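One structure follows; several queries about it will come next.
Letters A, B, C and D mark the chains as written, and numbering starts fresh at 1 in each.
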């Protein structure tokens, strides 16, 4: 890899960090979302405050945490609170601007499945972790970013199990249920950025990464993906973004691949 | 962004005529400094929320700032009545005062529901009492589970502004409280705007050395006012004692409307700000209220690098 | 006053302390209830744990508190908690064995009024403090002791305003509502102890203080007070009880009168 | 009454076959020492409650102690799957495992309702999800206020026994926690019996020097077990680090049923108690996990005499 080359993960992290511009708070998990948030703090959004599901606000970790409950997130944090407070007052209270969620499946309307593969709940083909906090995050956070690599196994027309609501059958259904959050905003993949039709809430191709074609993207999506009227090209990571990721945020390259 | 402003600025900017305001604090941490500045600035038609209106709202009602009171215990704790509020409720002096009354737990439930954006909060109270008949906001819900129990519920309360006194915060407003924490946290999360009034602003390093003690995150703090002794005659644990002598004195003088007005004239209108109030109060009184040292034992958070 | 003489308050405190025998926890206000609890700790119930409405468990006050929010209750306590925890987990959670309540009026079935004198809520003759925590205490504490001096103004056939439920119209009504607590157990007055009929829940004269007649008691009650089948005589304060009250608990005599 | 007993005694006395048990702790404060003793004593048919079953319940399910699991996130945090639980759910190995599934907030609401004796707890979750269709305990209630909103509710959860790890308590069981407090408080109040397992029992004076830090009052603590490093491979803030290497190792070995059983044989059945486990683990590992000092700044509570 030359200096100017970059991995798919690095591209996803850089794009996610740019989507965090303007947010006051991010609800963040470990791994790629964690690095994206910390890149945003060093580039697009120095004032971004991180909120961890484990009950930590304003963490200043001295090392890269393996889990959201890592003790390094506690030492030196601005506030540590019971999980009840976190879910009731921060998340449900409307204080989370952006949350990043992953899933085993995501469908045409941004609904997420992290519960089972297969359609028989009692006898699943694969038992996945389940919701954790994802369902309430999807309902209450102002906007949701998904960070997921393209693949027909993942991008399915309809999720096997709806763990966390996106737009359900479309924006109208979500709005009718009066959910506090606005729902999914973008899906950041390894080849393109997808967004959601402002009318229908259907996922669509919004921005291509350098060297990627519309067909490349469609090959990783399990339905006939529509293309936004103004298809953008997404800028690659800048040398400065790459430097911060490689030297400061993930010096051992744990999440580079 | 600098959040630290003067009390004058804080009241000017955040407390408008007609606002719904909560200056909370259970027995301690009651921000009289803010109340006095609100009186001086001549605010009117406020809806005042507090579990225990205490002397602070007795004074604000006497000064004519309030249109309505939302509360759960209308007494001078350990002493007796709140006479100014009684005059307003019983005789419409200086002006009629609308009241909306709950139990303590009802007020707590309202703040929790407000903070957590819940449409209601369920609680085992009110049943059998005459209160729901006089307050249509207290309703019931039937449990959807086997017993089908009917339980009392209260609606959310979201003040426009909360003013909360605390011992210390950092420049971002990360606020730590020890001693009676009352409902400070829930009110802060329930309010649209939050003013934190502290005895001292400390280095961020001190706050971050003990993150479990942070009760109110800077995230929801709109303004910080530094006002030592700003809770007198109530108290701040470890900083000064409750001025029980004054609570007893008010219990007497407030029986008389003229004496009440003279007190307001002398101690509120007659001083420009808290610093002048403290000077007038005198070092002897402040010294009398200063407690001895009883430090907490430190705990180790650990370095995880 | 000779050494063997005692005041009505001292008698009430001594009797209240004896009623606290066997309780694990007491929910306590300041004044006479506070002194009664502390007398119980020194006599009938060394392990009694005190819970204050202000959010304090296991207080060890260095002075007599004026209010339940006195800072002396905090320093050296076993636990200080948000009021939400106190009401949700201690009181509603069923951890309070005994609570002592006062009131401006108490009726035939132990219902309490601390809200208004007069019957027009909007225009009361006297505006009293209201419930505070009394209503939920009356509903949730396992048993309730009332400490109130006899007077026809106070002991009324029917309260002007029912702030805190006793047995409502009788035990059957309270039971039908499924209230967690068992309701009022005794009313400790300056002349006698009253209890409640185990069937009907009606208040009755259970024990006379030395030198008091049934008629003396009836003169302070606004309805035709019934007398329990076995009318007891209540023992006066022992010299040791008096000594503790006078020397340790209330040396300045604030609550002796 | 002396509450301090050995882990063996605590499990014998309080954890019966068929009990509903919660060993909580979010990422940290997970009492593996108790789980291993339960496995050694051969408990069966337990209903295990935890937001994140984590390695602790993966091991207990692998050892055949459980009949049912009540949970909200079935993963090895930061690593991947819990393979023993997956084998039980997907293939009925070593025995079928009934599951009752909630979201995180749903589990939190269940514990709160259990602790507060509420018939239900309302929360903004579950709506639109497929979960309520597969868990009939997740229901709805209509708000009695103007908007008439329909909101999701969960029922109370009251475990027979809660086992909660903590850094320190006094001899009465007044327990202080710093770092992630998770749901320890709510679970303790919700449970019928509470066993607190601590790194150290300290003098009452230390606890009482900082009463705001007491999370669980001795009032609800039935037994105290002193078990240093009892939460390994999870952690106790300021005492030892999470053994991330072991979480990764388990993520591999637990894929294989034989390797899993060999691990249980060696590390659970093969040692009589926690002391032997720690000896086997070795001082080098414990030293690797020991963090540096980061003490909290003390606060003054004040002497009010």
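By our rule, contacts are C-beta pairs under 8 Å (C-beta built on N, C-alpha and C of every residue); 3 or more make two chains touch, one makes a residue touch a chain.
Worth saying up front: this structure is predicted, and the values here are computed from it rather than measured.
Remark: among chain pairs C-D and B-C, B-C carries the greater number of C-beta contacts. Put simply, the chain farthest from chain D by mean CA position is C. With centres taken as mean Cα positions, chain D sits 40 Å from chain C. Chain D has its Cα centroid 29 Å from the Cα centroid of chain A.
Centre-to-centre, using mean CA coordinates, chain A is 58 Å away from chain C. Shared contact sites, meaning residues of chain D that touch two or more other chains, fall at 112, 117-118, 123-124, 149, 178-179, 181, 185-186, 209, 212, 237, 241, 291, 294, 301-305.
Counting only residues that touch two or more partner chains, chain C has 56, 70-71, 74-76, 80-81, 92, 180. Working note: touching chain pairs come out as A-B, A-D, B-C, B-D, C-D. On the chain A side of its complex with chain D, the touching residues are 30-31, 53-56, 65-71, 74-76, 80-84, 87, 91-92, 115, 121, 123-136, 139-140, 161-165, 168, 173-174, 177-180. Per the touch definition, chain B reaches chain D in the complex via residues 117-124, 139-145, 147, 149, 151, 153, 155, 167, 176-179, 181, 206, 209-210, 212-213, 237-239, 241, 291-305. Across the complex, chain B is touched by residues 24-25, 49, 56-58, 60, 62-63, 70-72, 74-81, 85, 88-89, 92-95, 180 of chain A. Note for the complex: chain B touches chain A at residues 112, 115-118, 170, 172, 174, 185-186, 189, 204, 207-209, 211-212, 214, 217-220, 301-305.
Contact residues of chain B toward chain C in the complex are 26-28, 51-52, 71-75, 77-79, 81, 85-86, 89-90, 101-105, 108, 112, 123-131, 134, 149, 178-183, 185-186, 235, 237, 241-242, 244, 247, 291, 294.
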